[in-house]
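The two complexes that follow have chain A in common; it is paired with chain B in the first and with chain C in the second.
Then we have the complex of A and B:
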């Protein structure tokens, strides 16, 4: 360390000093909860602490030298105790992330914590979703080597973070990618674009199970290909995993497999994106007994549209890691100015269709039931869809300017949602396919229509009013819900918002509640203060096939974020 | 002294040295590798606007305020470019769920920005972007001279005033 510091000082004496760049950020969330007899009559969700608060800070230093560059960073986290809805495993405080990275001679070395992804992530991705409380960062060594442009190698070794400790499994992986247009001069200007890659990841976890001879080393490999020509592009990735009995798959010894293929087409003012996915027994964690959001080694992206409006997002979809067949088609059109749909100032139109189904499963033999622990579980064929619909979503969104100062967006949603599998406010979900195949009513399908109208009115320079009117209509789950949001902003510093969600259609009359929420924020550009006060609805957060229910609460909350 | 504390000391050693010179005007876009929507790897060191101001906006296809900001700028982008030569670089932090849709989305919105994807979040972490949209303004020498988190209607006017100042060669207050 001393040597490093003194060499930095030597550099500093050159005529144009280069001290590198230092960046950091900070966030604090604190909530004071109120007992609310209407929302939570038995008080089971009310925290003993009454006040819950958590925060973190990141610091990153980067400096470019004549020989390359060096980066160092760390993060401090503190949970006293985690706010409602956050994974309860995050209790305590400490430095949870620190690393040192340097790049020279086409070699990129990281020691400490890092996040990495191979291809689309089917066999390896570590990442963090801070809002959800997911962080499976690696702690170890990463090497990236680029012998020539267009040829990329990566290698990783380490263990993964789980809360304030590390998982028991050792994670190892290598990845190679070739980009022909960068590699070959003769391809540099070609209209055809081609790249391909190979990756392999494995884990080691000691096994001494009294009943099963569990594999201690589990490997997974993937191959990918990307091809493009003008506005057309195709990306496909195929993965296989050897047998990996785990809590997720009920300790079956069947190998896993999966593939994701996307096709895109773009032209001026038009975009199309299609995706098809088939996943069979692809849960991959560095601890075979892990649950919730813990220790995922891979990422199986949902091929559904991610909704952010409050009411449609009550019915989110998460990839079913044990098996799923999914399709998505999405179209975007730019509506030209002076056209029938676009009006005087133009607009945009979006169409989306997505669905997800079970995969077909057959018994291994006459004596074995589907999914029986200690067996091969079941048989399936690639791309053979099963009989259970998990999810379907059709939506249309239309946005245009109605006048110089008024923009409007209207979005319609039609969602079919399998509550038995995915869970909801009235169904805890989590059933397996066999239960539903034996009794289809257990799927407890919810059929949902929803409409959102959003308007943005620029009242005068720097003053604007944004509003959302939302309606969600269903006979199932918690019934019809309406919502109104008004948000007044004074750029660049202030905003004030008031909203009410009214569950007027709940079958249970005592649950026909209002959920009012007041918020105000002050933003200096890099520092933001926000105060919220009111009721939060019960919601669902999902990541990689796992959903977590966030309980309803009444609280006063303060959030401070700052970046430099 | 446990392992964590030793690490902390090492990193803080480097950082406190950097702090002596914090807020130096030579604060550039950190070096990371991002991808074009066509899949080509690009180093952020190669992203420049040849001596003219540049706006770097971190966004995602699912982020409504980001889309409002970039769509609003789109309406005036041709004028902005003609008057100041500014370039807008839109860097998406979409992950594998949506990264393949970034290209079609941008075309559907009719944006004529330079677009990259920071799929692994490397640049996002280096810039300490906590929430999006997060917009950076770089001067002609590639120094970050201003940044803003969040978007409210009217923020684009403030941004453009700063771009005009830069293009006239005036210094702006560093945040």
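Then we have the complex of A and C:
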């Protein structure tokens, strides 16, 4: 006994070797496409490869030392070839992200790839949105320095990723933030919370244009303020950018500007959030000729609600980077138990309103048309809304537990959608404001009403059935659509789903198609397998106000995700 | 305060170096004439386009604008290839013309052209992965200007004859190396036609039934990717390539031009290009 105890004690005293930790994740998406003459009569969307697949793996190594912390990582990506609707520039394979980061002496240093954001992102945000196919990672150096608590500095330098190469522009930026509650002892216990920050980003891109004197160095700066008191918080950021002629703005030399202000308030049983945004010529990329999702240096947050239900999400709003004025108001109420609306078990009610309009534009002089290349383009005034409505969305959601085992949610949507600007199944969109101002009918507004009823029935322990009944009603675009979804889950491993979308109201009788889809998923540990088979209708997929068109297809898809 | 000194200095430095304010956006004055003491590179613009692509006329206008400012310094080819939604005939909606060609389709697939308008300028930046070689039309003026300032590695001279009576085109292309080369050189001979009046979708979504299509790629005389003419060579080495071709009657010969270019098979980069109209031969 004594010997055993002694041995245990010795073991306990021997320090564990510090090898650090390695973790990562993996994802694969593969689709076998089927030729579907009904869905795609001319076969224009059917890929020659028939099977398209793409995947990636992240590996992250971390080790904490007595002096600080070190992290290193890499990502391998493979697109053979990109799935339908994904940006085709991703074709190929390679290590697209690698970095080394260490933290010591209040200094945080990263070399290699990194993502960064200053404030709300109006002058700088690099990020990855894999579902969209957006990755504008920096490749360079980042320094973060905290000289004293409550005072934060960041500096960045590098170039951005575009597919499997880097953009031509060099990005430089610095950000400073002060948090008074952390900085000053006298503010530490205050109920008022206050922080403010300043940021500046610039790019350098060589100019060799025979027509224009292009700026090679373009800078943008922003100031922000955050205030909080009990359940109230207010954040506002204002940005300015100097002349930045680009493909986005049609090579006008007007400075850009923008502001976004959000207010949130929460109290017992009640929540409110409001946002107002004004954007004028704030596209900011590290290549003046870039398009699609390429090389964005900044991020213009959306002020519209992101819908997850399939039918309302056919009409999402994409941020108009050259100019928009947007407003969003959202109220949420917790309905108390034993009340008229809340019933025996209580519920919730949500109201949301959002809109987006053009900004007012006037010619710079009598001889210059609005948006004319090589000029200042137009004049505008801060917060002056234009005459074109891009989008409006009013939705009301009511959720309530009808029994111990059954919860229901009903949501109504009323959407006004400018197809001429935003595009749809029947309108390629992309018109500029001038075309619509000259002929308002070109806006091709779609007026949409939609209702979704969702139910969740807990049949027995670990077994549940979720269903959705959706109806979308419009006289424009592809007309009325109905949808039914049934999803059966056996926790924690299995789920099975069947759905059908029927475009019964399409004005073109040959397009009154059904879009059936079968899905099954299996989870084991941290690995998930999912199989889908069926039709997908053409749609617009958006994340954070940035959208891509997804073509119609019939396919069998396999998705595998795994983490360790 | 010592801790704040370095960050403050960086902020001030960045703020002062980060901005070029432009008072005079348009370049004024006459461009200096090209250096005639040396052979300079001409740029090849391969514009992948479609008659149902609404933004494609913008790219065509850009080509005309470049040629007006830098006449004869670039050679444009409009290749109708890519998504059927942009390029396929659609007689029902008033787009009956078939502009697509087998060679154009091969080029579109090889260079992974998946959006339009997209172009290559002398096939710069070609990579096996990705689409760095595809350039938006707004970048073409800068790239043409940049290429025009470079000394060419080789010179191309076209001598020949076009006989209207039997529509026979006979020519010899002389490629002269202006510096020692270890490149795998390929020569392409393309026939293009201008002045074709046919409908084109416009940027405002209207249809222009009388749109004039220029520089339309019709065919390649020696396959889509041309033929090997040399694998390295010494300065001054000349490579002659002779050919003859009956111009199909479907093409209006007086509106046709012969486009000749040499590229490096390893990088795909076009080293030099020339063009000649058939009626000037």
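Just so it is clear, the second predicted complex is superposed on the first by the 540 of 564 C-alpha atoms of A that agree within 3 Å, B and C clash if a C-alpha of one lies under 4 Å from a C-alpha of the other, contacts with A are read in each partner's own complex, and residues count from 1 in each chain.
In the analysis below, a residue touches a chain if its C-beta (ideal position, glycine included) is under 8 Å from a C-beta of that chain, and two chains touch if they have at least 3 such contacts.
Model, not experiment: these values are computed from the prediction.
Under the clash rule set out above, the superposition-derived model of chain A with chain B and chain C shows the two partners fitting side by side.
Of the two partner chains, neither chain B nor chain C is touched by A:532. After overlaying the two complexes on the shared chain, residue contacts for A:42 are found with chain C alone; chain B is out of touch.
In the overlay built on the shared chain, the residue A:163 is in contact with chain C alone; chain B does not reach it. Residue contacts after overlaying the shared chain place A:375 against chain C, while chain B stays out of touching range.
Note on chain A: of its two partners chain C and chain B, the one contacting more of its residues is B. Once chain A of one complex is fitted onto chain A of the other, the partner contacts of A:476 are absent, as it touches neither chain B nor chain C. Residue contacts after overlaying the shared chain place A:212 against chain C, while chain B stays out of touching range. In the superposition on chain A, contact is made by A:253 with chain C only, not with chain B.
In the superposed pair of complexes, A:94 makes contact with chain B and with chain C alike. Figure legend note: chain B and chain C, brought together by superposition on chain A, show a least Cα distance of 14 Å. Shared contact residues on chain A (touching chain B in one structure, chain C in the other): 94.
Only residues 1, 4-5, 8, 17-25, 27, 58-64, 69, 71-74, 94-95, 98, 100, 103, 112, 115-117, 120-121, 125, 127-128, 152, 179, 181-182, 193, 195, 226, 228, 231, 233, 235, 262, 264-273, 275, 299, 301-303, 306, 308, 330-334, 345-346, 348, 350, 456, 458, 461-464, 466, 489-492, 495, 523-526, 528, 561, 563-564 of chain A touch chain B when the two sit together in their complex. Of all the residues in chain B, the ones that touch chain A in their complex are 4-5, 7-15, 17-22, 24, 26-28, 30-31, 38-41, 62-64, 68, 71, 75, 95-98, 100-101, 103-110, 119-122, 125-131, 134, 146-150, 152-155, 157-158, 175. On chain C, the positions that touch chain A within their shared complex are 3-4, 7, 10-11, 14-15, 17-22, 24-27, 31, 54-55, 65-66, 69-70, 83-85, 88, 109, 112, 114-115, 125, 127-132, 134-136, 138-139, 141-146, 204-205. Listing the residues of chain A that touch chain C in their complex gives 42-44, 48, 88-94, 145, 147-148, 151, 153, 155, 162-165, 172-174, 176, 198, 200-202, 207-219, 221, 242-243, 245-247, 251, 253, 288-292, 374-375, 420, 428, 430-431, 435, 442.
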